[in-house]
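Each of the next two complexes has chain A plus one more chain, namely chain B in the first and chain C in the second.
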Partner chain A sequence: MTRNQQLYAWLLLLPALALLTAFTYMPTVATIWHSFTGSGMQDNVGFNLDNYRDLIDDDVFWQVLRNNLIYAAVTVPVSIVLALVMALWVNSKIRGKGALRLAYFTPTILPMISVANIWLFFYTPEIGLFNTILGWFGHKGYNWLGDPNLSLYSLMLMAIWKEAGFFMIFYLAALQGISPDLYQAAELEGAGRWTRFRRITLPLLMPTTLFVLINAFLNAFKLVDHLFILTKGGPNNASNLLLYYIYENAFSFFDTAYASALTVALLLILVVIALIQFGVIERRVHYR
Partner chain B sequence: MSFLSVKGLSKQWADTQAVSDLSFDVDEGEFIALLGPSGCGKSTTLKMIAGLDTPSAGRILLNGQDITDRAPGQRRLSMVFQSYALFPHLSVKENILFGLKARKVAANEQKQRLDRAVELVNLGDQLHKKPSQLSGGQCQRVALARAIVSQAPLCLMDEPLSNLDAKLRNEMRSEIRALQKQLGLTVLYVTHDQIEAMSMADRILLLNDGKLEQSGAPEALYNQPASLFVARFIGHPPMNILEKGDRLVGIRPEHIRLTGHSQSPNATVMHCDYQGSDTQICVDHQGASITLSLQGHHLLPQGHPLDITWDRQHEHHFSTQTGLRQTAPSQPKESSHV
Partner chain C sequence: MFKIGKKRLLAAALATLVSGIAQAKTDLTMYYPIAVGGPLTKVVDGMVSDFEKQNPDIHVNAIYAGNYNDARVKALAALKSGQPAQLAVMFSIDVHELMDLHAIIPFDEMAKTPEDKAWLHSFYPALMKNGEVNGKTWGVPFQRSTIVMYYNKDMFRAAGLDPNHPPATWKELVSMGEKLTHKDANGDVTQWGLMIPSTGYPYWMFGALTKENGQVLMNQAGTKTYFDKPAVVEALSFWKSLGTQYHIMPKGTIDWGTLRQNFLDQKTAMMWHSTGNLTAVKNNAKFDFGVAMLPANKEPGSPTGGGNFYLFKHSTPEQREAAFKLVKFMTSPEEAAKWSIATGYMGVSPAAYKTPALESYVKTFPQAAVARDQLKYATAELSTHQSGRVRKLLDDAIQAALTGEESPKAALSSAQKQATRILRRYH
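Moving on to the complex of A and B:
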């Protein structure tokens, strides 16, 4: 490359690079720095590992981490499988599939806050939709958000409802990119419905699955808007998630140094997940 | 009893009749070309025989058994697609073995059939590549190998060569024909290319507008076209058609010759097309445009006078009303100088 071309390349990269540096890389570095040198609201009290010692001793942190792992372990596979099933269904030759696609996609268009408000009504004891329906069958209903054994699962249910439609769109687009000739050829070769799905559809959808998987995992850790409306992490942290706990520490308990240490822990988790996904799954993905 | 028998096959969508009342028989080991312009229903016919499309009416019999309502996989036939329909995520080997695995053929049997097919289509060192790493011709061979290993007695081919360049197409034409003879396959070959049909097929079925226009050996279609449509479709450059009273007279370009003595020229040159081995000359003959074909290089200036003639035995006569072939009216003279 000539010097001029080098210059052009850097000029073209500059806007994105400047934004990323100012709002992603700098804060990341600042956070890491702060987690090692801060204490409470104070900056630069000298290098120390107190925040990390606190973190290891913090029972709430471990509970929140466990909550978040359960949350991811359930919502990610369930919403992906659901998305695939819905996509296969609305991609088939059925009547009214336009309306069906729209219906499945609607939860995605709604902001998380609105969704949470709608589901707040579903979950409300006494007058809520779910308990009303249960009441018709003579059941006294559940305290969906107030019961520590139920609140996390109630959040998951809503998250799945919201995410599956979004992922369905990706699967639908990928399905429509598969040539019908392939299915016809397979059919002529005597491959049944299940063989066609397993040997053609699934492998050809692998790039989409990888993409969706990464997004789903990231969302499981970074999408906590609904906690503000539904449970605020309660009762007694039973439904608290890592990012919401970071927010609480930074802006409710005003312990930004500890929040920084928590953030570093969150970042590490996300990096590990990304490495696993790209490393392990990429090798089994066929890109056309 | 014929091997494949199609009886009164029809396909109709909302307001279009793609195939109407099509009937034909194919003998075992025959190479049949389904020829016709695009939209004539030839691909639809093939898909109905394959079971990928449901006929609106009619029956399909293979080996005496009615297969009209059978699933595609149960019909004991193989198919080569225009797009090759190779599975992009599978290696060449896995592509070829796909059907055998789906049918749970024993592993050593799979290997035998694979080795034989790979040898037949000459794919030896490509077995572990993905289709995206192959050229068009190699993809075509994989598709052929996939058809061969299935050992289905009937092979359907849907314009298999139309995505290849001209040189490769010529090579594959003779290769497919040789394979078909060697394996004793019965092939139903859909094409819009008359050269493919003429050079490969034992018999051509010429379709027009969903109906069978003429069926017969290539030379029969060329020498005895049953209708004006066949006359115009088969042959390149196409047959010249002249109006003569109540009938239409057709004469092939290669049957027109120059008389040599041009005291009374009856045609003038409009333009010439030099094509290497011959030159196609388009002339104005009594107000009608006629193309004739001369061997060698003849670039004549526009307006150049020519005296052309042909033998009466080479004339084809068609009815103006029906477009069907008629017998030539008897005339005393052996050769007519028009």
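Moving on to the complex of A and C:
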């Protein structure tokens, strides 16, 4: 490249770079710095590891971490499989598929907070939808959000309902990009439905799957809007997630230094997940 | 169309310029939260514009800031950014944290004339408890509440109970609650006797139970908590036993946000809730309901709750003067009466209940006076240094006990131990 071209490239990159630096990289560095030098609301009290020592001693931190891992381990695969099934379903030649697509996609376009407010009433034991339905079958129902054994799973149920439709759209687009020739050729060779799905559809969807997987994992760690409405992390932290706990520390307790340490922990987790996904899974992805 | 718009804009700009030259207006920014339902921002805006009419030299920018927590975050963020508000309505229990941040000034600094001093003493003493620290007044009551018991009179009649004799003691609460709890043939409950919410603000409800058991939760200086005192443990055991032993309340936690709907749908005969809900219940109940003071064990009692006015330090003398004037206006008997009728919050001074508006309202709707009458038994709401953290410790302990994860004693001693560690450096 000539010098002029180099300059031109940098100029084109500059706006994005400036924004990223101002709103992503600098805050990240500041957070890491604050986690090592802050105490409570105070800045620069000298380098110390107190925040990290507190973190290791903090039972609630370990609990929210465990909760978050369970949350990811359940919501990610379930919503991806569901999304794929729905995409295959609305991609087939059935009547009213436009309406069906819309129905599956509706949860995605609703704002999380309003959805949570509606689901709060679905979950309410005495007057809620779920227990009313269970009541028709003679079941006395559950205290969905008030039972520590159930509250986290109740959150997951809503998250899956909300997410699956979104991921379906990506699968649907990918499915429509697969050439029908491939299926026709396979059919001539006498391949059954299952074989066609396993040997053609699934491999060709892998790039989409990787994309969806990364998004699903990120969402499992960074989407906590519903906690504000549904449980506030309760009862007794049974449904608390890492990001919500960070919020509590930063804005209810005003312990920004400790919140920074927690944020660094969250960042590390996300980095590890990204490395695994790009390093291990990408080798199995077939790009055309 | 664009032309007219431009002209108007120009005119507006000129007008501001001219008025700016004509009289130097004092600009005030005020944050306020709303924690209960209803179109209350309009009421506040109306009160503020009345104030501006009386004081043309003051311009008030009243900003609705979400719930109490949001309001605190916004006010403190504004403070850090260098464009602070001059006054705000914030949680009455934020006082220690605001003082620790050196964010607020005491009202005693502003109240110098005899009239002002008299005004400062015109409020119900129970409402001043959370605002008074180190012998000074840092918060003046505005939207204040206590917990009261709402009960369904129709259900009382159906159960053969006197609808004008709600339970006055814990014992009666249990015995009446048992009569009010109905089960179907399968043994499933179709109507509960009582619901006390245990999400959102569990420590607040618990403050009522402990006060009724003759014990407060912290010292006035906010440096000590008493979570592991025997009377406190007993109070939590009683709360738990309502679900596990007497079966008059659902087990597990009960949601704060949906409880009112449960009561309105007649799924529970009694509920404990903020007086701030009174107007909403009144407008939506399709049955005959009563409001009662909370039942007593050793004594009657409830914590107060809600928001106080605070004056921020970072402001000019003119702004402080204007902010002080605004607080005096907003808490004056007439405005307090208006606010109380619109919401169900208490009229903050005895004089408010003597205004014609509130007097006649209470006459036609006696339920509105229960919170006021309960004030003589009221105590301060849980408030300490590092309030948020300490509050969460207690909330978690309560929920752990109610859901059966830990015994009340174990949960409370662990909360006390951690609270002591947090508060150690404030002694």
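Rule of thumb we're sticking to: the second predicted complex is superposed on the first by the 288 of 288 C-alpha atoms of A that agree within 3 Å, B and C clash if a C-alpha of one lies under 4 Å from a C-alpha of the other, contacts with A are read in each partner's own complex, and residues count from 1 in each chain.
Throughout what follows, a contact is a pair of C-beta atoms (placed from the backbone, for glycine too) under 8 Å apart; a residue touches a chain by one contact, two chains touch by 3 or more.
Predicted model only: the values in this text are computed from it and were never measured.
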item	value
Clash-or-fit label for the pair chain B, chain C on chain A	fit
Contacts of A:280 with chain B and chain C, given as first, second, both or neither	neither
Contacts of A:148 with chain B and chain C, given as first, second, both or neither	second
Residue contacts on chain A - larger count, chain B or chain C	C
Chain B versus chain C as contact partner of A:195, first or second or both or neither	first
Touching partner for A:203 - first (chain B), second (chain C), both, neither	first
Touched partner set for A:94, first chain B, second chain C, both or neither	neither
Chain B versus chain C as contact partner of A:182, first or second or both or neither	first
After fitting on chain A: smallest Cα gap, chain B-chain C, Å	53
Those residues of chain A which chain B touches in one complex and chain C touches in the other	none
Chain B-touching residues of chain A, taken from the complex the two chains share	179, 181-182, 184-192, 195, 199-200, 203-204, 206, 286, 288
Contacting residues of chain A [partner chain C, same complex]	41, 120-121, 124-127, 138, 140, 143, 145-148, 229, 231-232, 234-238, 248, 251-255
Sites on chain C touched by chain A in the complex	69, 73, 76, 97, 101, 186, 188-189, 192, 198-200, 250-255, 257-258, 261-262, 265, 267-268, 386, 388-389, 392, 395-397, 399-400, 402-403, 405
In the complex, chain B residues that touch chain A	50-52, 71-75, 77-79, 81, 83, 85, 87-90, 98-99, 102-103, 132, 146, 150
